Amino acid sequence: MEMKMDSAALQAFLDRDFPQVSSDFEFEEVAPPFVTMALAASEKHLRPGGTVSGPSMFALADVCAYFCILSVLGPVGLAVTTNCSIDFMRKPQPGRLLCRMELLKLGKALAVCEGRLFSEGAPDKPVARASLTYSIPPSA
Amino acid sequence: MEMKMDSAALQAFLDRDFPQVSSDFEFEEVAPPFVTMALAASEKHLRPGGTVSGPSMFALADVCAYFCILSVLGPVGLAVTTNCSIDFMRKPQPGRLLCRMELLKLGKALAVCEGRLFSEGAPDKPVARASLTYSIPPSA
Amino acid sequence: MEMKMDSAALQAFLDRDFPQVSSDFEFEEVAPPFVTMALAASEKHLRPGGTVSGPSMFALADVCAYFCILSVLGPVGLAVTTNCSIDFMRKPQPGRLLCRMELLKLGKALAVCEGRLFSEGAPDKPVARASLTYSIPPSA
Amino acid sequence: MEMKMDSAALQAFLDRDFPQVSSDFEFEEVAPPFVTMALAASEKHLRPGGTVSGPSMFALADVCAYFCILSVLGPVGLAVTTNCSIDFMRKPQPGRLLCRMELLKLGKALAVCEGRLFSEGAPDKPVARASLTYSIPPSA
């Protein structure tokens, strides 16, 4: 799959279209069909005990899938999540939480991504796995 | 299913164990096997355009399932989400977003909930549906 | 939602388009947005011990969702399943297995159904729950 | 993850415990945490047009996840599927359909697998993806 937006282009898109959350996420690697992002966890993402909350993990998977699609599709602002299935498997370690997402299918109407969340340095002990479907607007 | 915690007991549990998010959620009705909660949406829950974000909807479904289980199980603090499948179907209307969750199974090891999110006044046009599995600790 | 195909019309469609499996399924009730079907379980649907197999339950949920959509959409042959999330919660009882499916959304490109499987006479102890997404062909 | 059952041991288990379907499936590779199996598709697995049916794909994913778990857990007969989320992405090609499943977590109570289905020779154009959770009996 050919790359239409690189890390800098995706970052600019994130900053412009999602200013409220853009400081929460960082691009680690953009190499279609893979995109890896990190959660820059702050107080609001944590549960008592310092564990990253489920909704924060969902948010990381969702945004990573979105930019995984855009990296190949180009700057289309209207793709929307239609389904997510997520399995939480282990407690995250303290430190950075990464998500590596793969674009499995980019059709005319639907895109499907699958990926894993893991604590930095421990990709073989995934904290969670997620699969997401996005609906692509007809004009895209 | 017999109720072990009513609305006041669940609210007290929420306030004590989840102080960071307790002001985000309100109990609408506790009538096992059903629990209905509302998202008190503030700026941080919204995307540009004023729509409630996907992670905020996930958070509402997750917390509502959790308290749906506790309403029957009692004050057990260690149940953890193991799986969530969520379908986003319509844009929320401006105004309050509700989630009505049903406890479908409360086993020794696993509890399964299913529910719908809808804008207040429009329960027949669901914004999203979600099913969640929680793991129950052995001591519970 | 207006009914475009009744029980007889759906049965005729099933017999014509799915001759290999049409004898496996029976229509119980067609009342959009709900359709209830039964699995006419034979030897091939059972696991040792006489329990209906997981794939047979999946098949019942899938066909029931399909005809739930067609009951409102009309005789469109090209809708395809794009996603299914299914939770198996209890062992089926001996006897007939039913599935009651609800059409939650019928959009231009996607339809979403949600339903439950239960042994006849025990709808409040669901054997499984399932949600399914179908892709609707553009010409439909 | 250490292998407790190799291809021959799994095949013997399949033949003994699932005689009704054992001729439908073949072991391609057993290399924990990965197990690859094939569907030996016959008339009953096909839809008009010669495409493998959804329930047959579900069955392949389910059996492959089961034996992926047993390859590491050993010959435990009572693990049961509690959840499956499956995305159908492309039509299978004529010919053999493979499933490569990975064991992501083997806990005391739950095991989680994730895998892809693809037509032989086309692993990079997956026909479907699936994630499954199995409940492990306490005695295991």
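Couple of notes before you dig in:
First chain written, first letter: the chains are A, B, C and D, and each begins at residue 1.
FYI, contacts are C-beta pairs under 8 Å (C-beta built on N, C-alpha and C of every residue); 3 or more make two chains touch, one makes a residue touch a chain.
All of these numbers come straight from a predicted model, not from anything done at the bench.
Least step count on the touch graph, subunit A to subunit C: 1.
Taking the definition of touch as given, a chain qualifies here only if it contacts subunit B and subunit D alike; those chains are A, C. Most remote from subunit A, judged by the distance between CA-atom centroids, is C. Between the CA-based centres of subunit A and subunit B the separation comes to 23 Å, rounded to the whole angstrom. Spacing of subunit A relative to subunit D, judged by their CA centroids, is 28 angstrom. Touching two or more other chains at once are residues 82-83, 85, 87, 89, 133 of subunit B. Residues of subunit B that touch subunit C in their complex: 85, 87, 89-90, 104-105, 107, 112, 114, 116, 126, 129, 131, 133.
In the complex of the two chains, the subunit D residues touching subunit C come out as 17-18, 20, 43-44, 46-48, 53-56, 58-59, 62, 80-89. Here subunit A touches subunit C in the complex through residues 82-83, 85, 109-110, 133, 135, going by the rule given at the top.
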